[in-house]
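Letters A, B, C and D mark the chains as written, and numbering starts fresh at 1 in each.
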């Protein structure tokens, strides 16, 4: 850790700070430039609260040398983690294909989609039961009943199921859910992350709309600090000035996260782009740059049900995407 | 509501969509341009789920004419709301000054700060008991004990207290708290917002780092839809590419929110900028553009305790800010 | 074009505006909602200045139905444009590989790189002669001499050359340059774009750091309006809050631009990411989502010259990327 | 300057780099952490090209201790610069009020506005003659004729004039212009900045839409490096995800720039917000946080000319703003 002091720092203040560092058990190397002094800290700096240090009047900047995430850090765990969900694997060369509708609506709908995506090569079934909606007046999902329908579809197809949690108090309802999704808006709902860290469930952790990749890893760290290391990271678009796409899909997240962490990374092109016709090109791009899986919205009959989510593909379109994904995976 | 159809929409699809709109009880005005058709919807469009409509294959864009927030909307409630917290008022010409330390640390600290800020003109005392920290390894606050210390300081000074909640399950601990703060990271923790809507507590709702002003109002709407209309909105900086300040304080939020909603708006210059020397100029600017209050970090003895948050002002510096704020309020 | 009026608009103001529209030769369809009136304009709206219209006191919002770009618009030119640079084609199924060093430095350097990238499959040679640098104190490029060295390398290898222009007054120096690059910082240097529109040179137009895709197309329109339709668009990363990568590569630009325009789109993964180890994965992703080409920095001997740009690949690394790019192109 | 090496750096590479630094005449302090090595450079590091250094394979990060701007740096020039434009001063306690229409249109228009703003307290007259427009099909300004009309208005009122340049070749037309404005889109048009550095004209340099404050200072440095130190900086809104305002006005730029540089800083609330009703609150806020001046659009008769820019105030509204600005300046 490097601490750059402000030019106006007095000698007394500097000495006081150095003594405080040494009292925390770290060694301090001072070096004094023409205008500013820089303190290099060596040893175990984990006890030093960086955010607080940054706020000190005499401190201009704190530069971390070692990353603040530990359990998620590839440096201490060089091999890829492989997450195994009832035999559907993700990471370390295993590719997960998580597909299904935005919302669970009827037993027939979820059953048909489940069969369609399984036939096309999906390895897990997704479906929303609890829905995070910007407006309190919009449909909030089928809730417990939606989870029941997912479990029936799981029984019928054998596909493990993935669904979003919005409240740690709902955890009992998720007992038979295979993968619990934490949505972008809850990426820094630290209290919920702690609760999930106490379970053994696989967690699909989505990156927040305005969160850096390091913050995503710190949120994974919240879960891992509780003892649960079954985490799949998911990039689903960040918020930028561009308005044509719903969000901006940051595909460089795949190789960057692979360099920083051993956890697997999947891409959700459906939510990132918000346009059905962009799902296929971005799914192929994600595959080509090494993603460990895809999360894609698929709906059985967009024509019939007017208000079904048509950022979704039909099962036939999804199959076409999967065929191309497979070809790309063969050549990379 | 205006729905722009994609150029490739067939006549059959268009008729089908119009019939569906009419079945929802809205009137449809069609007008057909050289390349595209636009449908104008008149009547009560509140039953139409915009997010789903936008996702339809044939829909290019949905343009809202009336705003999706109702309870918070100034159109339906033209007079300013005045929030009264044990006599400390905010809104409608009343200026709230919420001051105190980032974290509650000791009985002496919070007591001294409370007395200091009261003397300088603060109308409420803030202090963090539950702290949202990016890292699970950082200090998470004194929790219940912190609230106890705040209540003692309240008893000593008469100042109503403001403190952040991070989990709706903690609500019983907040029974004697006067204003419950929802932090930026939880602005779209919809499940918690619903719970807060069921209380009668005043809620200080902070804008999320990447949330638009309309989304802030939709989150207020979640609380109001539950019956709780005691809401103070708070702008505390948004995330941009600029790295010199911690966040970018968006002061235009003050007049924009005043035009959209009757709810009061306070500004937190401490968190927005992350630098103690920027707090005063931004507090004065906020006052000048019509904010209904300020939320400022103040600490009793930054010199003594090395790791106290020095984005905080000392009580003396805070008093200087308040003196100038008062002068500006007199002339505007 | 749709114009939404503010609720407070008087009848007189509305009638005045409608008459003004009609005087511009467009038909106006009025429809009046509960709170607001919306005017739909039909006919040739190209004479109406949207930016000015938006600024009218009574206007809340102007929604464009047809896009403001004409020459670049795929609607009026459905087939892909194929740009032919001395036989090296880009667009319509033809893939351009533009490779070379960040800066031209010595005759040997540019010659060796040119031969290396040609052997690996590059179809054009890039190299900076005029360099846009944030600091006036940094190396600004070899200028005219750099162009000379590029022309020598072209003579030796037959590769057409691509290099950046920073001042339209330098155009005489670019007489033998095959593709003139407009850098991100000059994307809205409209005066220079107009000058380039008067030439017949192929222009490689890079997206600005904070420019939308529609603005990129409007800048292409500036060039095309002058009569020069030889344009290759280039996505090279946008500025976001993420700091790990230098910029955020927006790969969805590829399918989005393909739907909006007939012009070819190439991707520059080197500048976008700023890290050599991210170039390969992002080059493969760009290929998989349908880019019409790549622009990649390659340097001959990163080990020798300490300060050569090592976001560059070596020719050997570049060859490895090209081999994989080719495989992906075979399967998509 | 601090250089953090990547963990995988070999000893040989490290020694080679240190020797290279020493050959540049700087002293190197090495300190070796558990995972990484950090090199602290002491002495004159101005000869080291930071961008190139950052790109080295073995370099993880370069942290600057001293700022890369010199002439603009307050450290070397502690007193405020006062820019004097025919007696209208800006900086060091002097407040500039630059007002006038978006575009110069007719002799009567510019003359009337000039008289109106002068009466209300403006110290300079602004008006666009060359207009940067996103679309090549939109009105591009009256050009040379517009400058003539500004000069006539100057003669009539005595107000110095401010107008934008878009091409250094137009400089002869600006011979009698008092302040030359560089617009946001040209902030990094380095070639034009260099030309302006060779003049003695006062330059009003606007911050680019996606440029950091340090980049703004580096662009000022381009002008100052040429010998022209007459620069006024202008914040006019940055591009963010928020869509309600045209841009997000970053008022913290005022105190931040004041701490970094001796150059004066003015605020343009008209362009930043794009809404006439937001101009007054943001002008007052700018004044309260210490801006050295304001740049405000004012138009004589918004009612008559339908398409005049009504982000503009009328002279009467402008007078009201000025009265309040004056009161705030009296109390701060």
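Please note the rule applied: a residue touches a chain if its C-beta (ideal position, glycine included) is under 8 Å from a C-beta of that chain, and two chains touch if they have at least 3 such contacts.
Owing to the predicted nature of the structure, the values given are computational and were not obtained by experimental measurement.
Participant: Work out the mean Cα position per chain and let me know which chain is farthest from subunit B.
Facilitator: C
Participant: Please decide if copies subunit C and subunit D contact each other with the same set of residue positions, more than half shared, or with different positions, and reply same or different.
Facilitator: Copies use mostly the same positions to touch.
Participant: Suppose each chain is reduced to the average of its Cα coordinates; what separation in Å results between subunit A and subunit D?
Facilitator: Whole-Å distance between the two chain centres: 39.
Participant: Determine the centre-to-centre distance between subunit A and subunit B, using the mean Cα coordinates as centres, and give it in whole Å.
Facilitator: The answer is 26 Å.
Participant: What whole-number Å value describes the gap between the mean CA coordinates of subunit A and subunit C?
Facilitator: Result: the chain centres lie 31 Å from each other.
Participant: Quick check on subunit D: which residues sit in contact with 2+ other chains?
Facilitator: If we look for residues of subunit D contacting two or more partner chains, we find 210, 239-241, 243.
Participant: Report the residues of subunit A in contact with subunit D in the complex, numbered from low to high.
Facilitator: 2, 4, 7, 29, 31-36, 38, 40, 42, 61, 63, 65-66, 75, 239-241, 243
Participant: Using the touch rule from the top, collect the residues of subunit D that touch subunit C in their complex.
Facilitator: Touching subunit C from subunit D are residues 16-17, 20, 46, 49-57, 68, 70, 132-139, 166-169, 185-186, 188-192, 194, 208-210, 215, 218, 221-222, 225, 239, 274, 276, 302, 306-312.
Participant: Give the list of subunit B residues in touch with subunit D in this complex.
Facilitator: Checking each residue of subunit B against subunit D gives 210, 212-214, 238, 240-245, 248-252, 254-256, 259, 272-273, 277-278, 281-282, 284-290, 324, 327-328, 330-332.
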